[in-house]
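In order of appearance the chains are A, B, C and D, and numbering begins at 1 in each one.
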Amino acid sequence: MASPPQNLDPIDGQKPSESCAVVGFHGRSQAFPVLYSALRTLQHRGQENSGVAIFDGEKIELLKVDGHVYEGFRPHIEKNTTPKGTIGIGHNRYSTAGLKNITGAGPFLVNTSSGQIAVAHNGEITNYKEIRENLKGMGMPFFTTTDTEVVVNLISKEIKERGFINGLRNSMNVMRGSYSITMMIDNKLYAIRDPLGFKPLVVGKTGDGTVVASESSAMDVLGGETIRDVEPGEVLEIDENGFRTILKVPSEKKAHCMFEWVYFARPDSVIDNIEVYKTRYSLGMELAKEAPCVGDVVIPVPDSGRTQASGYSEGSGIPYEEGLFKNRYSERTFIMPSQAERDDAVRIKLNPIRSVINGKRIILVDDTIIRGTTTKRIIGILRKAGATEVHVRVASPRIIAPCYFGIDMKTRDQFIALRRTDQEIASEIGADSVAYLSIEGLTKSIGKSEKDLCLGCLTGKYPVKITDEIEYVQKTLE
Amino acid sequence: MASPPQNLDPIDGQKPSESCAVVGFHGRSQAFPVLYSALRTLQHRGQENSGVAIFDGEKIELLKVDGHVYEGFRPHIEKNTTPKGTIGIGHNRYSTAGLKNITGAGPFLVNTSSGQIAVAHNGEITNYKEIRENLKGMGMPFFTTTDTEVVVNLISKEIKERGFINGLRNSMNVMRGSYSITMMIDNKLYAIRDPLGFKPLVVGKTGDGTVVASESSAMDVLGGETIRDVEPGEVLEIDENGFRTILKVPSEKKAHCMFEWVYFARPDSVIDNIEVYKTRYSLGMELAKEAPCVGDVVIPVPDSGRTQASGYSEGSGIPYEEGLFKNRYSERTFIMPSQAERDDAVRIKLNPIRSVINGKRIILVDDTIIRGTTTKRIIGILRKAGATEVHVRVASPRIIAPCYFGIDMKTRDQFIALRRTDQEIASEIGADSVAYLSIEGLTKSIGKSEKDLCLGCLTGKYPVKITDEIEYVQKTLE
Amino acid sequence: MASPPQNLDPIDGQKPSESCAVVGFHGRSQAFPVLYSALRTLQHRGQENSGVAIFDGEKIELLKVDGHVYEGFRPHIEKNTTPKGTIGIGHNRYSTAGLKNITGAGPFLVNTSSGQIAVAHNGEITNYKEIRENLKGMGMPFFTTTDTEVVVNLISKEIKERGFINGLRNSMNVMRGSYSITMMIDNKLYAIRDPLGFKPLVVGKTGDGTVVASESSAMDVLGGETIRDVEPGEVLEIDENGFRTILKVPSEKKAHCMFEWVYFARPDSVIDNIEVYKTRYSLGMELAKEAPCVGDVVIPVPDSGRTQASGYSEGSGIPYEEGLFKNRYSERTFIMPSQAERDDAVRIKLNPIRSVINGKRIILVDDTIIRGTTTKRIIGILRKAGATEVHVRVASPRIIAPCYFGIDMKTRDQFIALRRTDQEIASEIGADSVAYLSIEGLTKSIGKSEKDLCLGCLTGKYPVKITDEIEYVQKTLE
Amino acid sequence: MASPPQNLDPIDGQKPSESCAVVGFHGRSQAFPVLYSALRTLQHRGQENSGVAIFDGEKIELLKVDGHVYEGFRPHIEKNTTPKGTIGIGHNRYSTAGLKNITGAGPFLVNTSSGQIAVAHNGEITNYKEIRENLKGMGMPFFTTTDTEVVVNLISKEIKERGFINGLRNSMNVMRGSYSITMMIDNKLYAIRDPLGFKPLVVGKTGDGTVVASESSAMDVLGGETIRDVEPGEVLEIDENGFRTILKVPSEKKAHCMFEWVYFARPDSVIDNIEVYKTRYSLGMELAKEAPCVGDVVIPVPDSGRTQASGYSEGSGIPYEEGLFKNRYSERTFIMPSQAERDDAVRIKLNPIRSVINGKRIILVDDTIIRGTTTKRIIGILRKAGATEVHVRVASPRIIAPCYFGIDMKTRDQFIALRRTDQEIASEIGADSVAYLSIEGLTKSIGKSEKDLCLGCLTGKYPVKITDEIEYVQKTLE
């Protein structure tokens, strides 16, 4: 009888959790309606599945649902089977290729000798496989391949071994990468943000209690008030008396993800004291300065390019018009097994307003371009509608490297901007001209210095070491 | 033994079919992908359920699905169980209170001695109960309470009794109200539009065949070309050689529904030769002339007021900005059994961009106001975000009477504009001022004379007699 | 423009409704719980789908569900959305190849000028296509291809034209074949049985009202009492005062389906005054006399052969034992796409008790044999378990012709007994010997003369003319 | 900041896994069809949910489904999404009050430094809370409240600390209670039976490989052959060359659960060399000797009392007849919120054959009686059908104490036999007389001595110490 083979753990090839929404509430009213409204408000940060963990007076109760917050929780609300209690956390998960099933949904809950621990996590622990192997070596079993389980098990072990504060501090020193976390240990609520502050996390209050959420817009929708950002490296404890800092892990630099302002967050959110809408408007204004263009009309790619296009119009004096109608029922696209349908994919979403386009020189403003395939199809649509020229202006710099911190851009060969000149890109997508905003234009619009931002996807230089990867990226950029 | 009691037919209190989408295709390629793309494009005209009827070479096969086109048909597409054939019609149904189940979904199909007859219907037959009683009296059984079944059974009977053309003509003379219809009789395809032309209906072609659809945007998305409107009172026969007029029922006046241009249709559609987008822009320009206002910024109620607000900005010279962020995941709202949730209903949908609103005098432009409840909530949101003044400008006239031709406004007591002055309305909804566009401004913007439009909901004067109702409306208006 | 093609009606190739259960109730308590219990009791008569039609005080409300009575109605019972009212009918549908969807489910309901008519039908109208064509020719539309719709439309038309009683009488004279029907016209309840009395139908009462049902066991389970059979050709009207005969269509002969006693009905039912259990026991006793056999043990094919095997044991003096264990969780069988699974199909259902079988001469008693494939597999199982001899004794005569009146045996080539001797059959299925009961043995056991029974499947001679078919069957028998 | 509160683990009040089916396969053909057929065969041991764990060449893949084996796996079989591979284990779970969701379904799978470990477990670890606390104290997290997770984590830790064989041995020494287990560690398959041999476990072979299963009938249905019981305290390793003993944990006594022969197992199974059918027949024969009765007919409570009733008939010379018809569609009962339905619950299941019952003195034989409520209802039904006397004979001894080893009888107050004389019981349930089999009659019928059986539920004396409980039981018995 041989000893059993090792290392058949199915973890390789799996992606950890990515850009998600996390929320938390401690208050005098029921937690579920608050978490539900906050998660609906932050639906854009994750559409795959959702979950809440609520302390019911004796133990933490979990409820996870597939799909959108509204559709998923609706039957439970109707039957009044949502968890009851006044302290809880919640999570929306982003749709990624692997682990689509609900087992990988947040929050994650385990029973340990330190109590019940539940964690909702937004971000990506870049060294989670290493940590997982260590914990397995110490005898810890793993049920899933998520990095959230690694977070929970690490914190559980560290607290047990070193006490609460020292255990948390050591966990944060061990974990590399991005993490904005809401956590419950039994009936205690905590908020944790990684020392570099990759992902946003804010704390606020409503009439009924204290709220933690990925974005400030959640407070607005709850009729509450944002108090401040959770600071990079900070751990808050939240209870009936509000919140207080119980730990601060210092870091010299910051690494706020520029993509939150450029595309990911809601325009009505304020992240690290900067309003997203104003940044986007400013990106358009800067772009008008850096990349002026002769044209008749500025039109946005709806919905994401609208604010930037307004800024470009203001900056350039060229009138703004909505030349593309976006079908509000086309959020989800499904590829039918027929050529016709594949061709229709963009047309179902976007159709030109002929009177705006016909006979005009179009300046098309988008927030960002990754692959360029959609832009190419849009240009085709505009030309067919009678545009005499189409000039593309992109209100962010060229994306040339993968993200390892939570944005779903993993493979280098998808980036149209990698090793192509503006002219080559224009020719590839059929535009009369293409221009991007500079990195300086970006940092100026955000109002933060380059050293406080993560610009990894623009430069290939990452704020933390990415094992094996950084060398390769450097090479591909030479 | 007594004879059985009569007239227990459950029809009273039921609503007939309303604003819907109808499509039809006769071509050389499979009909389903074409109908599916057209129905997705026209999803805004009906979200309750959808259906297609396709001639499979031997008989007409039906497939009806609940909910949105994409979600409903998806499992059938994946399993390849959609009807096969090159001739077919399709239907999206509007969500109304009664008859929510799929039995009432279109198209409607029956087997008769004149062959299989399938009908997709957009509109409302105002005298359908009368016709139904007559047909029942002649021995015809009825399975549903829809007016579409009345249409099918009437046409079936008339064709049998008078022959095809005379039967159709007589049916059209008998039916009062609005109807844009696509119809199959076995493998023949027809398009029918009522003599007053209430609802839109266009015919066009793709590379593969001839298409009929409620709106021209369907042709665009199919990569095809709109040829012309089906004319009021016209019946087209469509086959492999294209289409031809086989009947024309004349009418001196027209009654195009003004609501299609104001709100209901897509902005990229062209209805009766008028582009919807241009009309909406023009409505905003006219409104700026008729109802000028001192203010700092023009902001639209998204998404429906955007074009009109742009026009108002252009007409007034006051800058346009997007001051309200619309959550794209909040199409469907569900009232949770808690006050908190009810209060959140509008906030979940709309959140202010503080930098745009704070300290400003806001001119809020909407396409139309019916009850005023949402407007009231929005004004509250704007004031909380720091607006110093809020002036409401409505880019259409006051709605004061029910619609009997397919728009879901049935009860008079819901109209905020009925017997209230602008000032009373402003006070009711908390605005600093309120102004509506005049009927002259409306007709000028559409570019059609009053006698060619149905303005029933604005005037209480309907293009066809509405039994019992017209008197009452007149009375309430005195 | 050509006139539309005719006769594309998809009816050909479709099967009409078959052996089903029908029930009806008129009482002082809610109808639904009564109909539900009766339908559960009669689940063996139809497992495909079920439905009830209940008069709610104003109109008849329908509820149809897929699958078994219990599973189908359960969610509606839990949500209390079952139709309310004290008068109703119900239907279980047998699983057949075509028309699996719920549109074909009973009861069938239409709105006519004679009121709302709902019909639940058990049987098969052999001339329904002919009647349907006639009704279509008179202008009646047809929604489905079921014979039940033909019944409803015929009765509706006849009542309208000739008055209630004459209309019913004429309908019954027109319809050929088998029909046991419960019918509502608005709030009136009727029970109808065809003049030959093919299918059973009984009337009884509970403490709360009057019940009509396909089998008397329904009364027992309801805690009620069977009063009598509805007589062949009789129409009952049922109201709050009980029931009365309102029409009697005479017939010289009867044609009770022998299969009800042999296999189809529950053993605890009493049909046309004959207890099913006693008949089956007697069939076994007669078989022991007609076809004696040397053996060690009589074992039944469970569950259907159990009573007959007991009778055979009693008649022969050879001990009875349960040598085959039937897996009670194997009602439904699904063919996996692997040879292994196909081979398992019978084994999953039946496994031998080795101590009963091993070293014994087995007399295997079954109620009937149609194809012989299952019997063949059972014999294999018995031999593998150590049986030294296997003698098959069938407690009914040889089946050699299709049934056109409601039993699912339609194609002649499936009958193993057609043109094979006992010895040939034994060799085909691997038995040491095979013997069937004689027709005389059958009629003696039932206690009815040959002229009062339908023996069509045993003789190929049918009680009513089957167009085109009778000649062919005669030929194949020569 | 206080340290987080401890011990909020929701484990108290939860029930561990109970009587279930476990299977395992290592072969040359696909494992899924084998596991599926075996689980269908053993469906009677658990109907709540099912699962399989199969090694796919790289890792173990899990598939868990709700409900019955057939319905649950069917969609996966149809879409061919069942796990692929030739080595696997499977589990059926018994329906208990708590933990109804699929998270508690077997098999249980974790990733550890010793590899992937999957376990399917039948039985109950009586000291699992204690073990769980110890493991938690060592830092192990727990996801569920099942005892199966305790088994997996204990074995994982022990193997890691002591090596494979010593770790297994120590685990078996630590675990108290009943466990028949199939286990995979990566691609290795093991079978484990507790030292007292509470639950059955057999090993056999098919043409394609080696099978382990809870009952021998699984081998029969697979067309294979049972080789032998896994012995109490034995651990088998199974691979492509068959199986071998790798560990034997000795025990002086055995504690085979008598309930398996009396009721739980299939009659066609052979457990610890004793055929279940023969035992049941013998129970009836013994009962006839111990508790003779004057009567006209012996009738069984179907289906479970049938074999015992045959034995009683043989032993007494009184004829056996099936006097109660069991509705084969009534496996699941649902309590409608109306008195009528509650009264119907037993009648829907069982209806009398009047000709067998009427005017007779009935000897009603059942396998066992726990609460007596169903027996009481049956006696009522028999009397209503005309029985002149009803004598109840129970083919097993009186049940007076809870089971802690896997049979779902937990609370003492449910046992009708506890502290009541036969006469008191008869009077309670309305019988003319009641008699039970003696413990001697039971052991004689099984053919094993009292010291090799677990008779805890009959005596209140358990083979292993039940903390806190044993004292109480003793007291209640004094």
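Definition applied: a contact is a pair of C-beta atoms (placed from the backbone, for glycine too) under 8 Å apart; a residue touches a chain by one contact, two chains touch by 3 or more.
Everything numeric here is computed off the predicted structure, so don't read it as measured data.
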Smallest number of contact steps required from chain A to reach chain C: 2
Chain whose mean Cα position lies farthest from chain C: A
Cα-centroid distance, chain B relative to chain D, in whole angstrom: 62
Centre distance in Å when chain A and chain B are each reduced to the mean of their C-alpha atoms: 38
Separation of chain B from chain C, taking each centre as the mean of its C-alpha atoms, in whole Å: 50
Chain B, residues touching no fewer than two other chains: none
Pairwise chain contacts, counting only pairs that touch as defined: A-B, A-D, B-C, C-D
Touching residues on chain D, where the partner in the complex is chain C: 29-30, 33-34, 36-37, 40-41, 43-44, 47, 68-70, 74, 77, 80, 217, 220-223, 266-268, 270, 275, 277-278, 303, 306-307, 310, 320-322, 325, 327-332, 334, 336-338, 340-341, 343-344, 347-348, 351-356
Residue ranges of chain C touching chain B (in the complex, touch as defined): 1, 3-11, 58-60, 109-117, 133, 136-143, 152-153, 156-157, 160-161, 163-165, 185-188, 237, 244, 246
